[in-house]
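Shared between the two complexes below is subunit A, which pairs with subunit B and subunit C, respectively.
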Partner chain A sequence: MSEKYKTVAYYPGCALEGTGHGYNRSTKAVGKKLGLNLVEVPNWNCCGAMEVKNIDPEIQNYLSARNLGIVAEKMNVDTVMAPCNGCYHNLKKVEHDIAKKPKTQEVVDRLSQKAGHATYQAGQVETIHALDWIKDAIGEDGIRARIKNSLKGLKVANYYGCMYTRPRNIFPEKDQGPGSESTYKPHYMDDLLAAAGAEIVDYPLKTACCGGAHTLADSDTSTKLVLNLLQTAEVCGADIIATECPTCHSGLEMHQVRAETEHGIKTNVKMLYFTQLLGLALGISGRKLGLQENVSDARGLLKEKGLL
Partner chain B sequence: MIGVNGMRTMAELEARLLTRDAALTPVALADELLDLCEQILCHWLSHKQVVPTEAKVEGFRLLALHRQGCKGEPSFNACRESCRELAYYYNLLHLEPEHPQITSRMAMARAVAMHLCLFVGGKFEVPELGDDCCSSQALRAGAA
Partner chain C sequence: MPIHEKSLIRPEDLTEHEALEIDGVDVSGHWSTFIETRVVSDYNERMEEEIAALPGGEYIHRCWQCSACTNVCTVNDLNPDFNPRYWIYLARMGFEKELLRDKDLLWQCVSCHKCTHACPREVVPEGVMKAMATWAELKGHTAVSPSASFDAEFTEQIVATGKIEEGRIIRGFFKRTGQPLRQAWLMEMSLRLAKHLPILMGIKMALAALFRPRTRNWGKSQAAIEEYLVERDAANKRALNLD
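Then we have the complex of A and B:
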């Protein structure tokens, strides 16, 4: 095991305390099983998500900077891990904006002073995703060595969504050649789940749009996009779509139901967080991984495959 | 959406993509999908009052059209990978038409083309599609 990322600050964000609770449970359970330490950021606040950004992007930057500032000032670690693509994206964005846009640093300084806490400076904290965390701290060999219940026989399509790789300029560590993550064809989730024994299908819509922010305001557009994601996964032969973002996950689940109820089009592919799949392979019980909390209930399929 | 310069309308393009023409060879399918997707991007550019380019990027007009579509509209990068995937499948279908997985590859190419169609169609309905996530910009930025 690499010492890098063995202990990281954990920023769960709001979705992991709500609709993505199964992701929260499984991330913590997998970390514990792998001997990795997650220390939750004390008194964390909203990352600004899209709601604040749409009112004032600089206020959203301040909110994300405050979280990074807590890690820099009050925690004895230099890395924060965010499993949610939206949180991860916003933390990376403020890091980029502070470094490149003087106005952002001015706003962050002014509001931090007003709120009575230290300001955040670019480069004090590294933000990583849950995929980076496990890939770099444990790696594929580390996963293979710890497998108790191989995912062999399970066909998985990996869906990364958009905010893990776009816009490319806020992820300078990606697209850096062999071994680094790709923004065009991300592969970290593929690598980890393949190491756990899963059969990864070639899925051409890994980062394709799901309607995202418009999932409620314009449901028909989102339902059409999601339905194509689901049907394509089935054409690829996937039993499961693995996700690494609570918003993507909820969107796929919700519009799978909506496609059936509103348009009469049923799809059978199931959605699971990649941490739930890794957890099963590591021998963690389905209950501890929060499988019962997913709208898309994969437990029957997993039983058929001998994984539960 | 009305057809532009003799192109099929967006509805016609979507309908064509939904058609499963079993008689098409892999090469013919690749050619048709590329043509349909170029037309889709031309619709977007015409809507933005931009004259679609005839230039090519990496050998594909589709990629040049996509690059054109992103100018001043970074959220259009949400379909960058779909365009690149289509170019990838175009090459696969042309280079290995007898490949044992050709049926699957043809289905994947269709799925990618359909996603491009749905995304661009979605942008006509909701211009902010992709703003928050893919370009990290505020929705309704003008109003902020």
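Then we have the complex of A and C:
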């Protein structure tokens, strides 16, 4: 195991303290099992999600910069890991904007000064996703060596959503050739879950949109988009859709129920966070992985497959 | 993929007469359909500037109409009238009246960032869509959209406490938009969750609803953001001559 990312700052974000709690629990449990240390960012604030930028993009940048500033000033690490795609995206976004747009640095400086904390400068902290964290610190070989309970026989469609890869300009480390993550066909989740023994199905909608930003504001559109994702996964032969974002995950769960109650269209595919799947393979109990906290209850299926 | 286009000849501009004779010539029926002359003289020449001044719209001037945005657009797949390329064209030409035909669609962008990813000119079409929706609202062409209500509820909670709590967001949003909280599908979802949610987690969620999660010592950040937002609102109004 490399020393890279052995200890990282952990930025869970608001969703992981609410609907995405199962993601929070499973991320921590997997980290512990793999011997990786997560130190939560002290006194963090919301990153602004997908909403604040519509009021003003620079306020959103300030919100994310405050969190990065805490990591730079108060923590003895140079990397922050965010499991939520939205948080990850926004931290990456401010890193990009602060380096490229003088206005962003100006607003962040001004607000930080007024708020009485240190301002953030580009390059002080590296932001990574939970996928980067496990892929780079442990890798596929490391996962294979630690499997207690192979996911063999479980058919999984990997769903990455929008914010993990788009737009490309805020992810300079992606699309750098072999080994790096791709923004068109991301594969880190495929790699890790395949190493854990899962059968990865070819899923053409891995970066399609679930309508998460308008999950309540335009529910009909979100239900259409989610149904498309669920039905396609079923056609591809998947038992499970693996997720890496609490907004996508709860969007899929909510609109699976909505499609059923409002339109009478029932789908059977279940959603699990990729960390819950990895955790099962590593021999962690379903309870510790928060399986009971998902709306989409996959425990029956997992029992059938001999994984619980 | 083809460039998505729309016909400039609209059904309402076509005229047919069942019985009409002009200078002794019978011009009745479909064969001599008339197309109403279309003369546009009421351009809003400041329209591009207005949208560029609003949050997200600043790079609208870079667009060279390649339509990469519309071709990859998630919402365009569901509704061909949702056409970012076309709307950017109208805004830059100052065809305000034409854009207003689609005013009730502008807010429907789901921020999937496919357009921004595909755009060769870094227009950030996603931001431009948000700026256009804001523009239509500030000018009084549309009511506050559900999306804008959600953004406002969300932002107000963050500004007040530094964090959000999802239950409070849902309640606040439904209240703002005058919708009942007891929606069949939300009830069904809560019911399913309640069936297997551990009691401790249920108690934790109930506590979060009572005692809002908050960032400590947030007051100064709150004041700084509020001051900035007041300036922002004033700048938006100035840009649209709404003072």
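Following the convention adopted for this analysis, the second predicted complex is superposed on the first by the 308 of 308 C-alpha atoms of A that agree within 3 Å, B and C clash if a C-alpha of one lies under 4 Å from a C-alpha of the other, contacts with A are read in each partner's own complex, and residues count from 1 in each chain.
Criterion: contacts are C-beta pairs under 8 Å (C-beta built on N, C-alpha and C of every residue); 3 or more make two chains touch, one makes a residue touch a chain.
Treat the numbers as computed from the prediction; the structure is a model and nothing was measured.
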Query: Between subunit B and subunit C, positioned on subunit A by superposition, is the outcome a clash or a fit?
result: clash
Task: Applying the touch criterion given at the start, work out whether A:Asp56 contacts subunit B, subunit C, both or neither, answering first, second, both or neither.
output: both
- prompt: So, does A:Glu234 touch the first partner subunit B, the second partner subunit C, both, or neither?
  reply: neither
- request: Identify the partner contact of A:Gly211: answer first if only subunit B is touched, second if only subunit C is, both if each is, neither if none is.
  value: both
Query: Does subunit B (first) or subunit C (second) touch A:Asp136, or do both, or does neither?
result: neither
Message: So in the superposed three-chain picture, is A:Val107 touching just subunit B, just subunit C, both, or none of them (first/second/both/neither)?
response: second
Task: Based on the superposed arrangement, let me know which partner A:Val257 touches: subunit B (first), subunit C (second), both, or neither?
output: second
Message: One more residue to check, A:Ala115. First (subunit B), second (subunit C), both or neither?
response: second
Query: Given the touch rule stated above, what does A:Lys93 touch, subunit B (first), subunit C (second), both, or neither?
result: first
Task: Answer with first, second, both or neither: which of subunit B and subunit C does A:Asp202 touch in the superposed model?
output: first
Comparing the two partners subunit B and subunit C, which touches a greater set of residues in subunit A: C
Task: Report which listed segment of subunit C has C-alpha atoms clashing with subunit B; options: 23-31, 41-49 or 77-85.
output: 77-85
Message: Shared contact residues on subunit A, subunit B side and subunit C side combined as an intersection?
response: 50, 53-57, 162-163, 166-167, 208-209, 211-214, 217-218, 221, 224-225
- request: Give every residue of subunit A touching subunit B within the complex, in rising order.
  value: 50, 53-57, 86, 89, 93, 161-163, 166-167, 170, 184-185, 202, 204-209, 211-214, 217-218, 220-221, 224-225, 228-229, 231-232, 235-236
Statement: Listed in rising order, subunit B residues that touch subunit A in their complex are 74, 77-82, 84-85, 89, 104, 107-108, 111-112, 114-115, 118-119, 121-122, 125-126, 128-140, 144
- prompt: What part of subunit A is in contact with subunit C in the complex they form?
  reply: 14-15, 17-19, 21, 43-46, 48-59, 62-63, 66, 107, 110-111, 114-116, 162-163, 165-169, 183, 208-209, 211-214, 216-218, 221-222, 224-225, 253-254, 257-258, 260-262, 292-293, 295, 297, 299
Contact footprint of subunit A on subunit C as seen in their complex: 55-56, 74-75, 78, 108, 110-114, 116-117, 122, 124, 127, 130, 134, 145-152, 154-155, 158, 162-167, 170, 173-174, 184-186, 188-189, 192-193, 196-198, 201, 205, 208, 213, 215-218, 220-221, 223-225, 227-229, 232
